[in-house]
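So that we are looking at the same thing, I have put the structure below in structure tokens.
We call the chains A, B, C and D, going by the order they appear; numbering starts again at 1 in every chain.
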Amino acid sequence: MLPAILKRAGLFSAIWIMLTGAAPDALAFGAAAVAAAVWLSLRLLPPVGTVRLLRMLALVPGFLWGSLSGGLDVARRAFRPRPGLRPGWVTFPTRLGGGARAALGGELSLMPGTLAAGCSDGRLIVHVLDTGAGFDQAIAQEERRIASLSHRA
Amino acid sequence: MTLDLLRLLLTIALTGAGLVFYVAGTLGLLRFPDTFSRLHALTKADNLGLGLLALGLAFQAPGWAEVAKLALIWLLALLAAGTVAQLVARAALGRGAR
Amino acid sequence: MAVFDLALCTLILLAALAAVAGPGLFRAVVFFVVYGVLIALAWVRLGAPDVALAEAAIGAGLTGVLLLGAVGRLSRAGADEPLTSRIDWPVALAAGLVGAMLVWAVLSLAPGPGLAPAVAEILPQTGVENPVTAVLLNLRAWDTLLESVVLLAALIGLWPLARGGAWQAAAGPVHHALPDGVLAGFGRLLPPVALLVGVYLVWAGAYQPGGAFQGGTVLAAAGVLCVMAGLVRAPGMAAPLWRLALVAGPGLFLALGVAGMAFGGFLLFPTALAKGMILAIEMVLTLSIAVTLALMVLGPPEGGGAQ
Amino acid sequence: MSTWLAVLAVGLLGSLAAALWRVWHGPGQADRMMAAQLVGTAGVGLLLILWAMGERAALDVALVLALLAALAAVGFVKASSVDGAGDPEEEAPDPSMIKGRRHDP
């Protein structure tokens, strides 16, 4: 419990400093606001395991790259005379639980060619722009990456 | 080349690229044939556009506090985009929202 | 930027026209949401970022939820799409008349700095550095006090619409969501950040654009999201603490206003104490505004159990 | 610099204006809603440009807009659920819509 509180307090303090530009007369306000935010966050999202913050940082470049190529991919299609779309649906079984699954869905939605529409019966529902493209491995890889972030106690 | 000129060129290049992605997102929204494909265009292109715009303008920021706030704005927009894409797609899969 | 301003004005008029005169309720509401974003941009262009902040929070955040909820309810009741694009001539005439009067008023305004120099002169005595906050909470505190009471009155007016007369039950319908779904995930992540931003806006109000109303609206949005994501039960009015939260802001404002009579008159804050008094009012008022707005958006009780 | 920012602002506003076409024509509610989402993202971008032009407080307006950008969409999916208070993910998707491939390891 204590590590979770400390991590969240650190994260929210960083956000407060980003907001106020570390103005010294905002620190008292900030302490109260961070305490309230930690309390609210513990109530909304009780810590169930540890989230590896450092490993999360390590995933940032890959995520940015995916997001960039995702944007490039739709931009190319949007500017071409014929977008070359073969849209369709695929469903994937996923072992990820809770927030990790929603995070995977959100991430897939920013990656090239895939858009998640939540889960049903333990299967992730994914809309793909081109059913002919090989996206199976990309989705599986994202799932492994997200799974490596949390560690259930 | 002076540092100021370099910053100016970076700003122009990055913000120009950002505008291109915004336009691409809008084109996709207008041109793509079905609701879900249009949602792809919107989610990916627009947020990349905003990210590039924010990055480009960050080179003109007077201090680190503004840069940090720009980053925060982009992160919040990403969180919103990832959530909205999934929610709207799912709602459109049901009966009501088509 | 003249091109930009002209284009922005055109888009605002188009969006407004589409919202008012276009066929279909849902489309009208979406145009209203879009209109809110455009108006926020216009306020920034007009040099009124305080108003832009309020518009962004209210327009983008709360009214969208409120109106889309209303459309959904009408549709479930089978009562949607009663709107035809037929123009209601008496209303159009009245609106046109008011519009023409406003145009005339704007055109006949004498060019000049307005009241800004007068405010700038008196600013050091008001206890705050942001002239807008100085006007709202000191120079024209009457206005703000009455506005906070109006908000409360609106909520009280909403409450009798409770289903079965159970106005003490939890506000609105009983919201639910898949506990580990996308909506719940968003509802777990965003509210703490929104809380920080809301408090930041209140703090900023003393120096730069921001303040109780803007901050309170963001906090209300955070609360509404917690409830809509099915994570927190909406409060009911039987709980004394929630009632206290509703009246604390206007109450403290009124009490300090009466205390001001010792220094020369109702709502006159002495310069030495003004900063502390205004800060106290702002903080407590933020809480009251947040709770009032959130309860208004969640709607009158629909018979679910109270918290 | 200021000329470039003005060009950028007009271009972004043009992109925003085109999204209004989608709000008008739909056809589905989801289409209108996502077009409104685009207007929000473009609005955040425009506010950043206005900030770079010297309107200091525009950054906070952009922050609030980005923070609450998803709220209208959340209201929309709630309102289009069966009882108006639910979550689209609680409801089984229309099977005729997702008759695509199943992938199993």
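Details
By definition in this document, a residue touches a chain if its C-beta (ideal position, glycine included) is under 8 Å from a C-beta of that chain, and two chains touch if they have at least 3 such contacts.
Everything numeric in this text was worked out from a predicted model, so none of it was measured.
Using the average of C-alpha coordinates as each chain's centre, C ends up farthest from chain A. Among the chains present, the centre nearest to the common Cα mean is that of D. Counted by C-beta pairs in contact, the busier of A-D and A-B is A-B.
Computed centre separation for the pair chain C/chain D is 21 angstrom, with centres defined by C-alpha atoms.
The distance from the centre of chain A to the centre of chain B, each centre being the mean of the chain's C-alpha atoms, comes to 16 Å. A separation of 31 Å divides the Cα centre of chain A from that of chain C. Listed for chain D are residues 14, 16, 29, 33, 35, 63, 67, 69-70, 74, 76-77, 80, 88-89, 93, 97-98, each touching two or more other chains.
Of all residues in chain C, those touching 2 or more other chains are 72, 178, 181-186, 189-190, 193, 197, 204, listed in ascending order.
Of all residues in chain B, those touching 2 or more other chains are 25, 27, 39, 47, 49, 66, 69, 72, 76, 79, 81, 83, 86-87, 89-90, 93, 96, listed in ascending order.
If the chains shown are joined wherever they touch, the resulting network links each chain directly to all the rest.
Within the complex, the chain B residues that touch chain A are 20-21, 24-25, 27-28, 31-34, 36-37, 39-41, 43-45, 47-49, 51, 63-66, 68-69, 71-72, 78-79, 81-83, 85-87, 89-90, 93. Chain C contributes residues 178-182, 184-189, 191-193, 195-197, 199-200, 203-204, 226, 231-232 to its touches with chain A in the complex. On chain A, the positions that touch chain B within their shared complex are 15, 17-22, 67-68, 70-75, 77-79, 83, 85, 87, 102, 105-107, 109-113, 115-118, 125, 127, 129. Residue ranges on chain D touching chain A, taken from their complex, read 63, 88-89, 92-93, 97-105. Chain A meets chain D in the complex at residues 19, 88-93, 117-121, 123, 125, 131, 136, 140.
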